[in-house]
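Here's the structure, in structure tokens; my notes come after.
The first chain written gets the first letter, and so on, giving A, B, C, D and E; residue counts start at 1 in each chain.
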Amino acid sequence: MQDGHVTADGRQIGGVLMDMKNITLRFGGVVAIKDISFDIRQGEIRAIIGPNGAGKSSMLNVISGFYVPQEGEVWFRGEKRGPMRPYQVARLGIARTFQNIALFDGMTVLDNIMTGRLNRMKAGFFSQALWWGRAEREENENREQVEKIIDFLEIQNIRKTPVGRLPYGLKKRVELARALAAEPQLLLLDEPMAGMNVEEKEDMSRFILDVNDEFGTTIALIEHDMGVVMDLSDRVVVMDYGRKIGDGTPDEVRSNQEVIDAYLGVAHD
Amino acid sequence: MDQLFFAAEVFLNGLMAGVMYSLVALGFVLIFKASGVFNYAQGVLALFAALTLVGIQQGQVPFAHLINAMFGTNLHHFGWTVPSILAIALTAGIMVLLAFLIEKLVLQHLVGQEPIILFMATIGLAYFLEGMGDVMWGADIKTLDVGLPQGISDTVETMTADWLGYGFFLDRLDIWATMIAALLVAALVAFAQYTKQGRAMRAVADDHQAALSVGISLRFIWVMVWSIAGFVALVAGIMWGTKSGVQFSLSLIALKALPVLMLGGFTSIPGAIVGGLIIGVGEKLFEFWIGPLVGGATENWFAYVLALVFLVFRPQGLFGERIIERV
Amino acid sequence: MFYREAGDFKTTYRDDGQTFPIRLDRWGYYVILAAAFLVVPIYIDAYWANAVLVPFLIYAIAALGLNVLTGYAGQVSLGTGGFMAVGAYAVYKLMTSFPEVSIVIHILLAGGITAAVGVLFGLPSLRIKGFYLAVATLAAQFFLVWLFNKVPWFYNYSASGQITAPTRRVFGYAVTGPTTSAPAKYLICLCFLFVLAWAVRNLTRGTLGRKWMAIRDMDIAAEIIGVNPLTAKLSAFAVSSFLIGIAGALLFAVYLGAADANEAFGINKSFLVLFMIIIGGLGSIFGSFAGAAFLVLLPVLLKNILVGSFGWPTNLAAHIELMIVGALIVFFLIVEPHGLARLWQLTKEKLRLWPFPH
Amino acid sequence: DLVVPNLSYRTGPYGANGTQYADGFNDYFTLLNERDGGIGGETIRVPECETAYNTEKGVECYEATKGGGALVYNPLSTGITYQLIPKAAADQIPLYTPGYGRTSAKNGAVFEWVFNAPANYWDGASVAVKYLLDENGGDLSGKKIALVYHNSAYGKEPIRTLEELAEKHGFTFSALPIDPPGQEQKSQWLQTRRDRPDYVLMWGWGVMNQTAIQEAANIRFPMENFIGTYWSGSEVDVQPVGAAANGYKALTFHGVGMDYPIYDDMKQYVIDPGKASQGGQFVGSVLYSRGMYAAVVIAEAIAKAQELAGTSQITPAQLRDGFEALEISAERLEELGLPDFGPAITMSCENHGGSGMARVQQWDATERKWTLITDFTEPDQDVLGPLIAEDSEAYAKEAGIEPRC
Amino acid sequence: MLDAMTDAQKETLLEVNNIEVIYNHVILVLKGVSLSVPKGGITALLGGNGAGKTTTLKAISNLLASERGEVTKGSITYRGDRVTDLDPAALVKRGVIQVMEGRHCFEHLTVEENLLTGAYTRRDGAAAIRQDLEMVYSYFPRLMERRKSQAGYTSGGEQQMVAMGRALMSRPETILLDEPSMGLAPQLVEQIFQIVKAVNEGEGVTFLLAEQNTNVALRYAHYGYILESGRVVMDGPADALRENPDVKEFYLGMSDEGRKSFRDVRSYRRRKRWLA
């Protein structure tokens, strides 16, 4: 695959956005990631799959700066990323959702989503304390953006509900909304469809595709539902026990014997 | 040379003072380990236990004050005294009863609440018990005597004087406290680490709901743990009560136990002892050397600052369980 | 249906973001404000001012401050007493060193100084969490009180280490010192409370507030979505200490008139204010008020009932009062762990449904 | 009737001490009411209010009771006294703070509304040193005297005086603070063991006293050389220590024990009819006697004020005049059934503190009682006078008071 | 399979009768749910997000109290006895254990200690417990590898195995399983359900499982209930449900032409027939 091409359904895939080079991550004796390299291209949907405990979530954590790998380099937009705190990574334009939902339970849905835009709000302390000038203006502008996302994800009616009370599936959706609110270049999704039924997965798929399509957001996605992975992703990385055992288009991966043995169990249709 | 001996003496006495703090800290640790509850009432529990012990020993009429105020009677004592051993046993029984009531009336209704709420509830409990202790037994200062010796240990003094040419000061009460504390810690460690109940106790601390779901009866665990903590409080109450009389200020020793706890880790029984030793030695040596330069009375804050410094390097205390940070 | 929200639609985001989006609430708020500023000062007497209203206003400021830190930013602190002492001693030094400057400026500066001290003691919060942090803040409590007790410069070398507030005036009315009238005391505290509460409300609904709450609810996730924990936590410590410092300054200068660090700003203060926010409701401005009112009023009320009405001996009454306060704390926690504020909210929700059960 | 509120504390860390004092205070007024029908025909009401030794509660008590026509306040807390000094001046109500409170209030020219006869903290410090001078044949040079003190406004009071006296008499002085409540004093006493002072003075209150005495006994510090102030010398301080406390000394500015004729009346009119505060458990104890003594002085001042004002229903301002003209001679004490109970008291506009005389008592652990071992001794006014003048002038300047008299 | 059951086996073990659940005194979540679970069967509880599956299971195992929820109407019986007022521990002693949604492991305990807590209520001696531990390890070899790690540090899937294994350790008669497949790799999902089946057939354990993965659930279950917004909207034998066109479309993701691609669902959505 060369730089910049157009997919079958007419989406533009660009050059390499994020490049992981020879990443190794250990926790004490446990080697969670063992010398893995892969890249993510501008505009694509990249899936990471693998059995439980393979190190997929750990990989996302490395990308978002929460884990610091013992070895390896992370390149983003053609630059090598130095040591960074997670919030600095977020400011580069990387947003994510979490496997075990990490919403702010004490806040309403709206406030949760607004936290996604925190880095875009620049009003000074006194302006905020007086609620005057920039603070108020910014609040309303950003609120408008957030409302668009709320409409897009069809969660208008729970806007003012504290997220703690929501059922699992809606929480996942709110988490997606929060990530989207940051208008990221790269969106990391850790099992966005776990615990959903087919109907809901369909909805979620629709959102992911639309985000990718309309905003051109690059997406990296971990998912255990093979149907979803095969249908949505452009390329798939397969991990097992911290190693990379496959990388390629869904079709290539599906027919890779090692992947079938380690993960799929049976060949998926 | 003398300076060195003095320092050594301060060091030794610091260790012993630390043990006295640990006795109080142990109760905290137990309850924290078992329910994730930061039990502010531990100090008051010690006071209550000591008050009850003296009350029983001296044959006081419980609630005499209230009864007198309401019915115009003039009751004070039954006129008998109870032997120490029996009184201690009776008091231990009352502490179990108290544990039962606390579970029934307070904790049961707060299953699954956030730690700070439970913490608050124990503060409420502390107020209540403090008032109740006073109403039951009166607020005057009482002398507690269960036969523990007090004062300088002549044996140690003469022995060290013979060997080293300097007679060391050790308080006999402190020596006793050390032995009792060692015993308690050994027993508690064995209990928490190697028994089924001990494991269940730690499970409850992690997740109330999940513990319920596997059939651990929160009620039983809590009554058990609070009973043990009540017993530990009784021991602490006896020690401190013998040392400085039984009266309100006894409940304030909780404040001396907190830095110990913090340093040792909220969840570690050996931590409570080691923390106590470090704090005891640290604050005594600091007061001894630096105190005179800055005007003294440094012990209160120094213990906390010392613990704080340790925490910056180990946020879970020396022996506390690692704080799990994952997403 | 007593309490109506229906029919009160918003057409702009501005309206929707108001503090009191519901018309009924808004009117209630205006009425209370008018009463507080215009009616109460006319009727207030020394007893009401000194035993009830002034302490309520001052503690409400302190509770607001602690609520910013604990309720909004999730950092439990037991150093409130120590920070109040900083405010008190700062205002004392300022009052006596620059008598010509307005006391209002002194109080604000005292808040600023406390904020700086608060930030300093907030630094460990980057590493230390939960109850460990709570206990660590006790280090601030004990150290600060010790410092003010020990260094004579702080108490202007007076023989006993007590500090005494000299008379200072605002618009020609004495607001500190022995000759202060009850309305003056009340009004100056009320003004501070009003302005500060309003500012806190604005802060908590905006960017900073969201950062605090994100850190509170899940600090790791907050950091990963882009909240800098350092600035978020320290700003919470700063704002909180600012308010607490002002409360300390008012407590000393306006309310007590004289103070001794150990006694007036001991650990009990820290616990008292913590009670207020928990009973009132963590993370709620209304809760700070409710908690302060509850804990200022309750003992006064109980004392008046037990001693005044039943004629019990004072010590028995005091002990029983302790028992009742303790039992009530537990009772409230059981009924509604999220405090009076949530209780109020639930009542409203029920009223909205009334007379239908669900 | 006349109202004399009793701001007492029977709870909290100092409740054990406060309770006895409050009983004595109550009982004397009960005695007057029962026996004499009050003072000058007016019965005395003594509404009690619990302060828990807490300044804020103290202020609340003050505010709550002052509306009811309170004549005088005796809050038994230096902290509360400091709060009340400016308030009472503004409200024009006298404060009577015997043996505690603000020492320089002795200067009536500045502190118009505060009275602290017969003795204050500095008097106590001076009397203690005088006693030691007597013991040592008038020479203390080269001796070491240490002060163990409650780390609060109260405990710090004597330091300046003792420093001055050290200079004058050539002894070395060192001060060891103990943070309240003071249950843990190991390091201070190890320090004492190392420094081997000849004498230890103590300014303690509450549990700190007994712990200190216990620790002193532990290190075998001779009890005869350990002298407490007024507030470190009651039964509650020594009894818990038991036999080891034998020989401990303390200052007092009044007599102790039951050997006074007044107790016959007390028994007849108050205790036996069951009117004693708390059933009369503590009658005759040191703190009880002190509470009673405070009541005696207030009662005498009221009588004086009635005489001066020509009415029995006096106002607080008239009571102040009564205090300023008060004279309690040895004869008058005898009449009251308290022979040699306290020093003669004479107050005036300038002098609100009386003579400052105090005496030393010693604990007998076998008999379980205090015995007086010296007579009333006068403090060293040459040293104290200037200190009081300095401190009160500073206050006058700070508070903008124009000295009277 | 269902047909193979004798009448005795079909005896109802757990009966939920028209229950209503309210959270926080105001939020009505279950609006009259009834279901019955036959002894020795696998019963599935299906339904979308927030339908009330978890709430139903918690109502049965009496875990609602700690979430400020309460059953305000209806009754729940187990083997004919009312169990609404029992505490959860007593219910476990009677043989009903719940595997909670979202795993809920004891973070600070090791994997093995977690499993052992499952045996808390057992009285049949250490040897039997050891034996069952081995059995769990044979079901989940991955746990064997990680037995000494703190559960808090294991991966999502590993935690799910721990939760499941812990429940098995109590030798229950009935297991309430809340979303067992969530977050598991495909072959593990299959495996978990095979374990469910094995335990069900081998040991006669009754299952009531709430599941989003309708596809798998209906393949293994005998009977199914479909819950929507707090009401049972449909129930029937698993085979019958699988053939129901609505279930096919909304829960199995099948259209008439076989499985739909997730890429093609962007178009309009049809309303469910029973809501119309």
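By definition in this document, contacts are C-beta pairs under 8 Å (C-beta built on N, C-alpha and C of every residue); 3 or more make two chains touch, one makes a residue touch a chain.
Computed from a predicted structure; not experimentally measured.
Looking at the partners of chain A and chain C together, the chains they share are B, E.
Note on connectivity: the fewest chain-to-chain touch steps from chain A to chain D number 2. The most distant chain from chain B, with centres taken as the mean of CA atoms, is A. Inter-chain centre distance (chain C to chain E, centres taken as mean C-alpha positions): 48 Å. Per-chain Cα centroids separate chain A from chain E by 29 Å.
Computed centre separation for the pair chain B/chain D is 36 angstrom, with centres defined by C-alpha atoms. Shown for chain E are the residues that touch two or more other chains, namely 153. Within chain B, residues 134, 139, 295, 297, 300, 326-327 each touch two or more of the remaining chains.
Across the assembly, chain D contributes 10-11, 15, 19, 151, 179 as residues in contact with two or more other chains.
Every pair of chains that touch is listed here: A-B, A-C, A-E, B-C, B-D, B-E, C-D, C-E. Of all residues in chain B, only 38, 65-66, 69, 105-106, 109-110, 113-117, 119-121, 123-132, 134-135, 139, 255, 258-259, 261-262, 266, 294-295, 297-298, 300-301, 304-305, 307-308, 311-312, 315-317, 323, 325-327 touch chain C in the complex they form.
The touching residues of chain E, when paired with chain A in their complex, are 23, 27, 46-51, 54, 101-102, 142, 146, 149, 153-158, 160-161, 179, 182-190, 212-215, 250-253, 259-263, 265-266, 269. On the side of chain D, the complex with chain B involves touching residues 10-13, 15-16, 19, 151, 175-179, 181-184, 186-188, 190-191, 193-194, 206-207, 210-211, 214, 217-220, 236, 239-240, 242, 244, 274, 279, 281.
Residue ranges of chain B in contact with chain D, taken from their complex: 6, 9-10, 13-14, 17, 20, 68, 72, 74, 76, 134, 139-143, 150-152, 169, 171, 240, 243-245, 247-250, 252-253, 256, 283-284, 287-288, 291-292, 295-297, 299-300.
On the side of chain B, the complex with chain E involves touching residues 111-112, 196, 199-200, 202-203, 205-220, 267, 321-322, 324, 326.
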